[in-house]
Amino acid sequence: MRGLLLRLAGSLPALVAVIIVTFVLTRVLPGDTATYFAGPTASAESIAQIRAELGLDRPLPEQFWSYVQALVHGDLGMSLTTGQPVLTDILARLPASAELTLCGLLIGMAIAIPLGIIAAVRQGSLADHACRVIVTAGVSLPVFFTGLLLVYVFYFLLGWSPAPLGRLDAFASPPPAVTGFYLIDAALIGDWETWRGAAAQLILPAVTLGLFALAPIARITRASMLAVLGAEFIRTARASGLSSRTLILTYALRNALLPVVTTLGMVFSFLLGANVLVEKVFAWPGIGSYAVEALIASDGAPVQGFVLTMAILYILLNLAIDLVNRALDPRARHT
Amino acid sequence: MSDTALGHARHVVTENPVTGFALALFILFVLAAIFGPSLVPYDPLASDTANALQAPSGQHWFGTDQIGRDIFSRVVVATRLDLGIAAASVALVFAFGGFAGLVSGFFGGWVDQVIGRVSDTIMAFPLFVLAMAIVAALGNTVPNIVLATGIINFPLYVRVARAETVQRREAGFVDAARIAGHRDMGVLLGQVAPNIMPIMVVQMSLTMGYAILNAAGLSFIGLGVRAPTPEWGIMVAEGASFIVSGEWWVALFPGAMLMTAVFCFNLLGDGLRDIVDPRRRT
Amino acid sequence: MKRRSFLKAAPAIALAAPAIGAAPRDAAAQAAPTRNETLLLVQEYGPNSLDMQGIGSSQPVNGVALNCYDRLVRFKRKPFDDVTTSFDIKALEPELAESWQEASDGTSVTFKIRADARFHSGRSVTARDVKWSLDRAVSIGGFATTQMAAGSLEKAEQFVAVDDKTFRVDFLRRDKLTMPNLAVTIPFVFDSEKAIANSGGDVWAKDYLKNNICGGGAFKVEAWRPGTETIYSRFDDWKSGPLPKLRRIIARDIPSPSTRRALIERGDADISYGLPPKDFKDLVDAGRLKVSAVPVPNAIWYVALNAALPPFNNVKLRQAVAWAMPYEHILQGSLFGRGVPMWGGPSTPAELKWPVPFPYSTNIERARALMAESGVAPFSTTLLYDAGSGTIGEPMAVLIKEALAPLGITIELNKIPGANFRGELNKKTAPMVINRFGGWLDWPDYFFFWNYHGNNSIFNIPSYQNPAMDRLIDAARFAPDEASYDTNVRGFLELGMHDVPFVPIVQPYHDVAMQRTIGGYQFWPCREPDFRYLTKG
Amino acid sequence: MSAATPAAAASQSVLDVTDFSVEFRTRAGIVRALDRVAFSVGRGETMALVGESGSGKSVTAYALLGLLDAAGRITGGSARLEGTELTSASPAALSAIRGKRAAMIFQNPRAALNPIRNVGKQIGDVLRRHAGLGARAAAAEAIEMLRAVGIPDPARRAGAYPFELSGGMCQRVMIAIAVATRPALLIADEPTTGLDVTTQAVVMDIMGRLAAETGMATILITHDLALAAERSGRIAVMHAGHIVEDAPTKTLLLYPRHPYTRRLLAATPTAAGNLADLRSIPGNLPDLRRDDLPPCRFAARCDRRLPACEAPMQWRELEPHHRVACWNPA
Amino acid sequence: MSGQIGNQPTPPEAEGPLLLDIAEVSKRFPVGKTGWLSGKSHSLVHAVDDVSLTLARGETLGLVGESGCGKSTLVRLLARLTDPTSGSIRFGTRELSAIPAKDFARDPDRARIQIVFQDAGESINPRFTAADAIADPLRQLQGLTGDTLRQKVEEAATLCGLPLELLARFPHQLSGGQRARVGIARAIGPRPDLLVLDEPTAALDVSVQVTILQLLVSLRESLGISYVFVSHDLNVVRLLCDRVVVMYLGRIVEVGPARAVFDAPLHPYTRGLVAAVPRLDGVRADALRLVGDPKSPIDPDPNACRFHGRCPIGTDRCGVEMPELRRFAGGRQAACHYAEEAPA
């Protein structure tokens, strides 16, 4: 536990750096927030007045100081595009992104890990090459392009998938928020109708993301399985006549999972970032599309809030990976 | 005994047809980048609104776009820019990230701490959004796109170079070099760097694909290369609105080209890794 | 096309099921609106506030103001075609006011407020509410105040609550725009008591009204998830017009235009707002959906040439550019024919209205000749356009770049993100800008005042300064009679045509696609959809 | 070499290997790694298989237990373990034999154990697979096995992971895994290479004791003639895929007959009084990928070479239990 | 730049009986990943603890002990690859311990102390040819270039019995014995006074080992180099070394003429060690078997004998009093309270 706390403390400098860098970046964005805020017919005076109101006329360090002070009080500022406090927006949208990303990751894992195992067990075989081509193709597809194609084919042409209207069909109402994950919340109250609706909405964007996640997961699974299968303790296990089931699952896979878990964490944080484009295509009310819109609109506060959220998520994620690694690997527990 | 690297490479290519295929594709892309502009049938910038949104035909192999430009010509001509951006950003991050990783892994201590913190900070950003923010803040010019793509790849290069360096820091040949009178920098650049070079080359090939995707993604969002310069990401973005209306070719061909290029670099990187990987070198 | 008609036959099963599932949970609704009473509208983006008077409100907030609040008056509705009802900008009809009377001396107008008018809170609407609301509009600053001023509504003292149901507006000056300006979306009426009670000390209850509807319009906002959706439900006690047929409106924000198109084409959405021209053209051609196409009053797509700075301060050069513009290519390539040509007109305006076709057309020889005459050597310059203009601005820019190259003008295209665009325009340094402008109040002098007048408002993008022009505009604005108005309008139109600081390209269409079952589409100056008249089934 | 049954085969032979040949297909050609190897090991007997690297001693063990990688295959001969033919056994049958009737331990014990599974479970896995024990019984028996190999506080150590144990401890765990099912044959492949000599002595003691107690046959594969001398009853010397000499340990050490055995002994520092007494072996191992391998693979390095050496090699039983594959033994 | 660097003939004033005089050298490493955040004091691994030894000119000193005894660290200390925590390292007349290891690379004495590494394959940069490897120190330390360099490389290779046609090969194209020769050629190229041999034959088959050992002997005779020879193989040490140092857990437990030490060890650990070495005659000294594992080298009790607890003859005294390295007849030393007692 002490180690974990230390790790957490160790990631603070990165967090501080992220806050500073984001602050500076959003301040040098070319847009003029005051002009935007003042509206099309504003006079120079009213723009100046708004600038003063927003504190944009003060020197940067002073602005930063007040930003940090607000941050300490949990105030991330206001979004100009939605007109809401950034914190409210992010809290409302984070579950959508997280649910989408997790599902994408799960789909990716469900396909990539078995593929990676097969490729490693049959190294150099046709299956190995095929696996390599498939996963590489997956990672080579630009997500924005995949998303568009999937919508076109599965919604517009085939009509198999529901309208890409966001998390739920327009006429359905979301389940009462517990976790914010519709699939979980709907399951909690046993509303399977809503569950199916939410799942149907989720599947295309999740597949789009999942395709992208295939390659890194399959690659690392294959590589670490290969390394493990070549390890001496596997030879010992074979020499002990253990069944191939025990051999592959208990001995090889569990060892091979160690680097896979680390990669999964990276892939997850990567997907959280990559889904900005997917959210855009699927009208997904997540934080990625929120950030992109804000960035395009030179709307600083949401961008800062988004980046901060992501950084915290990233740190928590690494912590979770550590925990999983500790659970899997006795050696990690002793450091 | 085909023990040389070249012999091994030949073996990998013949034993692994996928890598051979990727290599052929790669050569094709390079040729397109070099000679493309002088070979294409149409001026990639010339509009012809009378022939807008024509489906692929003998006249226009990949069809025409909204204002009648020949998509085939545009797609081919775009190769140079797209590969150029990717190559430049990869070269940039290779130089800086690779060196930082070397130094970090070799010296450890506070140097390692500082470089590690910088990497951590970059990693803590959602990378694509960071690239967007950099380009948005500095302006959407090609050098800035290159810079942004380089920056987001920095931690990856640091990590790979560092890990490889750490593995070799204690190697006998490092001590041997010290005994032979090399100082730290000499050992680092003269002994360790050449050894991690193959891995770094693999890394470069793999990140080329990612760099292309990233640049195209920026263009798709509207923060990339400026119109009317032919660039795959912009072309997909332009074509996106025509998919549902049935003019699929406007987005499909640049998208497919983009995919093929990324695919090619990824496969090539994989293949190179097999060549470099000592485990496959018996 | 065969493929699509086949697809159309597939029923939207996906939509039906969840709605049933949702109904039992909706405890508040006594009798939930049926599917035929519910409308699904998709649009690019939704409101960023519920208060159109507030600073920084986006275009869709007009729709909120329109549907959730009442004004004293509205424009008289008049049929446009079999799909669309438009309006007569010069005629008004009662909304919250059941009648009004202009004072005989012409210095004020007195409104009688509908006796049965109630707010959503159930309270009766009083003249004090109207006064508070209009006071707010002229005092709050930003767009609302500017718009009010455009109709000479500038001071709170102009608004007088005579008694509970009588309200008077005193005129500052004789302005033909005063009355119409009371019918636009800005001067809407709040439930002032409730607003003040919730204001938290702020005089104009800005924060509260931004997030809450506090009025008496035909619809209430049932749920508002910024950036995702806005759900409206009918106010059953609405008295300012016939009770709307629709009981519930779901307005979803779908940024991707192709998704919006797919939704409407597959029948999943009832109305789609803001599709690219290409999609509308296809939908019109396919003929399976209703498409409302109204040339946007007072509006044009234009290229502004910076008349204050070299090289475009040379009028010959501007004319050369106007002769070199690839008008037809732009209309086809960029707007897919969805617009009214603003070129090839007679050398003097055929009609005294705005917009009106300019006498230019694509004639490269004349352009070359004028270029030579101008004495300007070949040069490089920059053309700005708004990234938000999507599939229209960019092809237009590319075509212009290509078309001007033969004149020796090399153009670099500079796509500016929406938020920065206004800032860039404010700098007044951009040599060439593609933009679109249209005033709510459809008078030529209104457009010219904002765009050509030497007071150099932000919309005078070319920074055009010409005292003769200013005189003509001012004279027309406050012309005492028709004849002098006409003379001055003809004067500034001709001057504009000669000096061409703006090169008009086309008058755009406002296009809305809807299912065949949808009726009663109403077009207003603010261009936002009015749910009150819509029918379904 | 003829297919003669080795003379040393005792009545109670556990493993009989005859004419056993193995090839590896590599890119650079076919490696003839083992050529008509023949030996037997009797119950309770410890036989050492001695040779330099590349002589094929480990390949012999791997091939016998079906642990060769995909490139290797048995091209001929027979190997019978307690009467069961191993060369023709199916992979499943071999898997059932491995760990049950024939077990193997390896060098570098720490790497040879699963790093993330505690040692008790690793022993238990074998017991559950081959002895049909349930989880609980296997765990209990695993502790007994740890006790049997002399690990102090076995109940606690059963929960330990390999990284928490010393190299010597790990090798004892390996031995426990190997002998848990009381196999008839234990193959120890360089079991103490990499261990310190003091640890080596302890580990070898344990192996010897267990072999004595259970009567299992042991094949000790080592490059260390001295270790073989101390710990085996019989030594078979391998060179380039051939067994060149096979004799009781004392006989072999005192009266080596094959020129290679003599050379090997002369190069071993253990016995030498001073450095000048040591003699190297000239030349190198022949390239086993060659198609024209001479019948005697030592011939090119041999100073006793005769024209007769060109003839196919044959075993010569010089005296009972002492075989040599040489036309001109010393 | 080449002038200052590289080996000059051993200066006359350095002519003394001792080439190397190490006194009370210790090396401790902090363990555990501790940063400024944890704030707790470091534990230390006592890798080398209070070691003193001397090496005469032309002498070959053996260094034996089991893994973890500190041989490797001691080697790195004397080769000046790492800095001692305390103590003195005198080389000739110079005190080297004060020169930081990272500066020693350009020190004039760098050429005088060379190493032959344990794993010759790993110690040659895989991207360099044999010629590159041998040339490297000559170029760096003696500033040789061009033909002179080539000539010197070939000379060193010839001295080490390395056929010149192999010089163009990469390490993985060489056999183990050939690689060992490259490693030795590289080390003797700059004509060092002291050659540290760190298990140079550990990875080799006996037949090859013989040739390398014989090469080392002939080089010692022809070049007059002093050797520090590290090995776990007592037989080899016995054959090659004049004197031997036995280490246990970072400390010297016994020093003396090699044959005397192995024939009649004074220290109980040496006795156990010698007894554990397998013998060709098959005679086992089971009675002297050492059981158990060494103690942890982390923060050991400074007042207890390191061997205490594993020692067959130890008493309570050994747990409270660290035995000094005492002198015995025949130039022998041992660190045991009971060194005089005959083996049980």
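A, B, C, D and E label the chains in the order they appear, each numbered from 1.
By definition in this document, a contact is a pair of C-beta atoms (placed from the backbone, for glycine too) under 8 Å apart; a residue touches a chain by one contact, two chains touch by 3 or more.
What you are looking at is a predicted structure, and each value in this text was computed from that prediction instead of being measured.
The chains that touch both chain B and chain D are A, E.
With centres defined by CA atoms alone, the chain at the far end from chain E is C. In this assembly, the chain whose C-alpha centre lies farthest from chain D is C. Chain E has its Cα centroid 54 Å from the Cα centroid of chain A.
Between chain A and chain B the centroid-to-centroid distance comes to 23 Å (mean Cα coordinates, whole Å). Between chain B and chain E, the centres computed from C-alpha atoms are 49 Å apart. In this assembly, the C-alpha centroid of chain A lies 38 Å from the C-alpha centroid of chain C.
Contact with two or more other chains is made by residues 30, 148, 152, 156, 296, 298 of chain A. Touching of two or more other chains is recorded for residues 256, 258-259, 262, 265, 387, 417 of chain C. Along chain D, no residue makes contact with two or more other chains. Those residues of chain A that touch chain C in the complex are listed here as 30-33, 35-42, 46, 49-50, 79-84, 89, 92-93, 148, 151-152, 155-157, 159, 162-166, 168-173, 191, 193-194, 197, 200, 280-283, 285, 289-290, 293, 296-299.
Within the complex, the chain D residues that touch chain E are 52-53, 166-169, 196-202, 205, 223-227, 229-231, 249-250, 253, 263-265, 267-272, 274-275, 278-281, 284. Within the complex formed with chain D, the residues of chain A that make contact are 231-233, 235-244, 246, 250-251, 254-255, 258, 328-331, 334. Only residues 11, 13-15, 17-18, 21-22, 25-26, 28-30, 124, 129, 132-133, 136-137, 139-145, 148-149, 152, 156, 215, 219, 226-227, 230, 269-270, 272-274, 276-277, 288, 291-292, 295-296, 298, 303, 306-307, 310-311, 314-315 of chain A touch chain B when the two sit together in their complex. Residues 15-18, 117-118, 120-121, 123-130, 132-134, 136-139, 209, 213, 216-217, 220-223, 233, 236-237, 240, 243-244, 248, 251, 255, 258-260, 262-263, 266-267, 270, 279 of chain B are the ones that touch chain A when the two sit in their complex.
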